[in-house]
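Pasting the structures in now, so scroll down.
Two complexes follow with chain A in common, the first pairing it with chain B and the second with chain C.
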Partner chain A sequence: MARATLLTDDLVRRLIAVGQVDVVVGLPTMNNAETIAGALQAVHEGLSQHFARARSVVIAADGGSRDGTPDIIGALPSGARDRHGGLRTRHQIVAAYRGVPGRAGAIRLIFTAADLLQARAVAVFDPDTDPLTPASIGGLLKPAGPDSFDLVAPVRARHPLERLLVTQLIRPLVRAAYGRQLDEPLLTEFACSGRFAAHCLAEDVWDRSPMREGIELWLAATALSGSFKACQTCVETAAAAPSQRPRPGLQEVFTPLVGSLFAALDAHAGAWQRDTAPEPVPVIGVEVPPPADPPAGAPSGLGGSFAQDVRDLRPVLESILAPETFAAVAAIAEAAGAEGPSYPDEPWVATVYDFVAGYHAGAIDRAHIVKALMPLYVGRVASFVTGHAASPADEVARDLETLAQQFERSKPYLIERWYRAS
Partner chain B sequence: MTQLIADAVSQAWTNFLESVVLYLPRVLATLSIVIAGWLIAALLRVFTRWTLRWLRFDALSERIGLAATLRGADLSPASVLAGSVVFWLVFLGFLLSGIDVLGLTALQGLVAGFGQFVPRLLVALAILAIGFVVANFAWRATLLAAVNARMSSPRLLSNAVRFLILILAVAMALEQIAVAQTVVLTAFAIAFGAVMIGLAIAFGIGGGAIARRFLERQFPERSDSDTDRVSHL
Partner chain C sequence: MSGGIGSDPLWYKDAVIYQLHVKSFCDSNEDGVGDFRGLTSKLDYLEELGVDCLWLLPMYPSPFRDDGYDIADYYSIHPGYGTLDDFREFLTEAHARGLRVITEHVLNHTSDQHGWFKEARSSRDHPRRDWYVWSDTDDRYFGVRIIFLDTEQSNWAWDPVSKAYYWHRFFSHQPDLNYDNPAVREEIWNVMRFWLEMGVDGFRVDAVPYLIEREGTSCENLPETHEVLKFIRARLNSQFEAKVLLAEANQWPEDVCAYFGDGDEFHMAFHFPIMPRMFMALRLEDRKPLVEIVERTPAIPETCQWGIFLRNHDELTLEMVTDVERDYMYEEYARDPVARLNLGIRRRLAPLLEGDRRRIELMNGLLMSLPGSPIVYYGDEIGMGDNIYLGDRNGVRTPMQWSGGWNGGFSTADPERLAQPLISNPVYGYQAVNVASQQRSDHSLLNWMRRLIRVRKSTRVFSRGSISFLSPANHRVLAYTRSLDGETVLVVNNLSSTAQVAELDLRALEGAIPIEMFGRSLFPRIGELPYMLTLGPYDFYWFRLRWL
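This part shows the complex of A and B:
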């Protein structure tokens, strides 16, 4: 059914001409004219180095680029794909997907094509996020397959004060709920088995908001909640020229990602509420130490509006938070100075868990619940970044581990709130 | 003379007793209708409350903000209130039917009038309920958007949105039940127009700088805000 509706007749013809393959590499593209040539070159080099004997196809799933990205891909010299020393013909297809532009549409098309081609392994890379290297492509794809791992997520060396939405909220929440520690739950790049791709294709999430907007997070949660084997592989981070593309603002990323995670927790409640012991997710390769230099410090006054935000949102927060949690947040807001609040781990974890339970119960409109968490998250980030402005990286990492353990310790509170709010 | 008075008094008593004999069944019928109506209305009240609780109407009213408003107005929970509305509508219907049985000329037509009024009242209540839900949703959406966009006075803005939607809903509901239609319509038009003109004048004369800042914020030359200057992803 998915094949009939998602793939055009022309694309099906081209895929049939390709025949059965071992590996599918997908590149979701949308105005990536700057980076696509380099990304494709790295993909072909990686496939030649690590999968010289494998039958493979590279699929660029385009969301309607207006900067000539598909033309750039199509204009690659015919010998460019073979000059890297592959022993098998490697195919390359550019296909526009239907529907709303976004990663979900692109990944769905790549998974559908992989399913049709009966691929053993599928990898999806982002041409923009991090510069691709042949080693990272091999590192991610090699462990994936029907006889090994169903999901391979990358581990990149980052300073612990980077990616605060991941470190303060998404990663520890995923770890505590699913009992599996995944360094990159956002899966901007990943590899998976054909079996896992086929399983995900059957899920009714691809056209539904908010799962569609945070589809990679949903895929990670699905792998961790089901009977799938997951692993992580250390991937080097190549130096990159600063991107000319505007970085999405917090509002643009917070609602879809957090909404998608809350929706995943709601859907997988039966799986993560089982009393199972936490399992480590194996890490393949040698972890590279994180950069010593922290990112630019927090701008002054980042959490300066926290107290006012809590006052403004009082009726909304009262309908989501437990009375004792709201009292704690209100006290933090009252005590907050111009530099922002001091938002310790314990009330922050209780806040997040109350929001997860409130989302499940539908205390108010679910999109509003996610949006109401954002000002509190900004306050927590201001508190953490300000408190660690002069801390060495290992001390910050230690405190992040303490936060993750607080999330784990408080899991019974989440389950209690979950059922009390229902 | 005495005989005449006695006859007159006797006739009066006879007429009175005949009237009582004629009227008593009507009174008894009215009483029975009112009592039966009260019982039926009470049963319907219980049934309505039970059904709404089974449908978790109170949780829904909590979600849409109705419960908080009812608490603020010192009113009963939504399911209890809905049961009371059903009780009084049904009981009033029976009461007026009972009064109609009495055949009092002055009260004739009340039942017909009530029968015509009830559907309009129900539509008006539905308009109010929908208006309330929409107003609360818009209030919360505006408040969250304004807080997250770091706009000034988010509460003022969101309350203004809620107030305008509620005023519109109330005006529509009053028009539906035909209560002082002309007055309501005129008052609404004057009030709404005055608010809009007042806002336009205030914004135009006093808020030039604010307008410029507002437009600059809405159409920025792509620069990161404070919250966007740390690495979230």
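This part shows the complex of A and C:
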């Protein structure tokens, strides 16, 4: 019986024509008609400027767009691709991937194509977030390859009150657990070596929740846990036109990302629990100072329901949290006023670690565990945002560093809880 | 011997041209320098090779500070090469074998040892003073580029004799003639007529864009230069038939096209930019640079023709490429800085291709199948090597390697007396690479080249046909059709070092049966579906399409 394949015969035929390449640039697309032309232009300009001699292919992995995105890509004349002056033919392929629409399916297709083409480096960019520039293409791709770094993550200049899920939970947890900090562990854009892509392809995660839904975080964790070399590169942040797309709700973002991270920690326990010294992830390029003003539309009034949520979730929280952690959370909830709780670093870190251990133990359904963390996260965010409403950016950044250090100091607690829960 | 050279006025469109140095081809008198008697003795070899036309590098008296391009007397033969009678005898014998002969004509400048210049500098009042371009200052024509950047710092040189500056676009010992002076034009035509009446079939005209200078311009490709060329062509047309003028103008094709005029300037011009792009496409394993330059090439008058080449007596010029492309070429083809000269690479074909027979064959296949009259540089048909340490471009001008014997069969003089040393390394030396040994092997490069030329000449579709590129998705495959008067040839080249598959959209040729032109093998009839071909590393196919 023939094995199942991710690549259609038509795609294989087109990839044969491409042949062995140095660089694969992947663009996961799904209804990106507004932005895809600009993104492609930036990709081609970036490849021409920084990889004039490289054999390259641009692959748009489409999840079933209904707004004509594949047609827009296909209509881009070859002359437009060549006008940027690269020495070589640059192929451009649009291919629909099979299965559930989402980043995992797209990245899997891109990695599979890169594996078949024996690419030295692969980059994945999101046509919608953080507008692409030729410089960012070069900045991310140049360090990636078999003789250099297996994973290249971006460093962008952001206000410390941006992306609170990253700063309050994901980044410090990744840093403490794996001993290496990635500024942007969510990897909405990244580059990697062909070796790393091939390694990830062989992992049984692509069709499994929650890794599938938070695949980039899983990839980052995999790179940090294995014998892979990671680095970060400073990329410029171009001015972005306001997106017309509805922003996803917190639960749509929180559950897959946190679930994926917890699953990765579960899978990589042997690696991150080794007693190894923290190791910095090198940063290439010159870091740009973050903007002084907090982002527009910063969250407010989040913590009003914190006390009620803790009361409602009491049985669940008691089954996950250590008694002393639960007592601390309950006390915070009791003391919470209308503006929300005051949720200090120490109980917040203990809360997160208890949830990681609880997820590992699987005493209750793991999806429920992740969901149960969300109200506590909301309370913590409300506490942090309220407490820093008038703080300058550098003070916020300093307190985020203090939080990260708290995560690091408490790592023995995590390991203790891990084995007690097992 | 074949029956002479015929009378087709457009013979140059079908010609396969062979470029050679008299001094490096064969020495008949043991003085270590090739000569016309020696060359005449090798005409049978050239006839057997299958070429139609010999292009001789400068053969005139010269101080040889620029390999003969510094002419000291236009009306004579360099004594080391023989006499005018020797030359006449050579012409007669060449024509008897169907071989036409074109010679070098340096229009732009003379040697500073030429009698004209000696007279011109002798006095500001001398009648020939105005045959050259003089100035009391060196700031006229400011900003005009210097061509030989490695050696020259200015286009003006100080003449201590007449205490004035003279203009030179090339070396300072090569003063430019003043074509604003009608007497110069007349005399240059007299020179050409002298050789044409002797039987020469045409001229390769050196450095044509630079004949006229005008303030505030680049002093290149000026309208007044074209007027000079039209004057020469008109004289040629009025007095001779079936002669050819071949222009050397290292410019972009759209600029070179001006030198065809309306068919009233040059018959032929070199297509310089296509040459480095053939090498680039091969190394990149990507047809893009080659297709781009051919598609960028404008149509030319019906009576005109491009001259294309892989290598010649100069460096592999990289003037007509971008900076990115030049860097790439240097890195891939001239890692040893000694191989770099001016804006180019001083190497022969075989060493450039690392002696890889498959790549040599593919490149010659391209040369013989792309539009234009192909020019083969002497010795490349046997894969001769070079010596980049000889200085200037002398490393690609070493003696022809006829045999593995004394001096490679080039000369019976003492080896120390040779004007140029032979290539003697184990890979490309005359003991390993020579005509005699290759003549004995059916599978030698020499015999392969003979077959290639024979197949090329089996149809006029290569020399006069139109070209249309196919666009297979596989960029490593370069495919095109050449068509003429209902005849079509399909050419498919694998530019890659690995086996490739190509799916060709040949629906426009549906029903045709491809016949491979070298082995005459039949291939499946072309249908509606994509035509699938597999090609080994650097393979190429020429298919004659027959609707039977």
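By our rule, the second predicted complex is superposed on the first by the 413 of 422 C-alpha atoms of A that agree within 3 Å, B and C clash if a C-alpha of one lies under 4 Å from a C-alpha of the other, contacts with A are read in each partner's own complex, and residues count from 1 in each chain.
One rule holds for everything that comes next: a residue touches a chain if its C-beta (ideal position, glycine included) is under 8 Å from a C-beta of that chain, and two chains touch if they have at least 3 such contacts.
None of the values given here were measured: they were computed from a predicted structure.
When the shared chain is aligned, no partner comes close enough to touch A:P256: not chain B, not chain C. By the document's definition of touching, neither partner reaches A:P154: not chain B, not chain C. Counted by residues of chain A touched, the larger count belongs to B, out of chain B and chain C. Of the two partner chains placed by superposition, only chain C is touched by A:I16; chain B is not. In the superposition on chain A, A:T89 makes contact with chain C only, while chain B stays out of contact range. Contacts of A:R53 after superposition: chain C is touched, whereas chain B is not reached. With the contact threshold set out at the top, not one residue of chain A is in contact with chain B in one structure and with chain C in the other.
On chain A, the positions that touch chain C within their shared complex are 13-14, 16-20, 52-53, 55, 82, 85, 87-89, 91. Residues 161-166, 186, 246-251, 253-254, 295-296, 298-299, 301-302, 305, 309, 312-313, 315-316, 319, 362-365, 368, 371-372, 374-375, 378, 381, 385 of chain A are the ones that touch chain B when the two sit in their complex. Against chain A, the residues of chain B that register as touching in their complex are 62-63, 65, 68, 137, 140-141, 143-145, 147-150, 154-155, 222, 224-233. Contact residues of chain C toward chain A in the complex are 280, 284, 286-289, 292, 322, 324-325, 328, 472-476, 496, 498, 500-501, 503.
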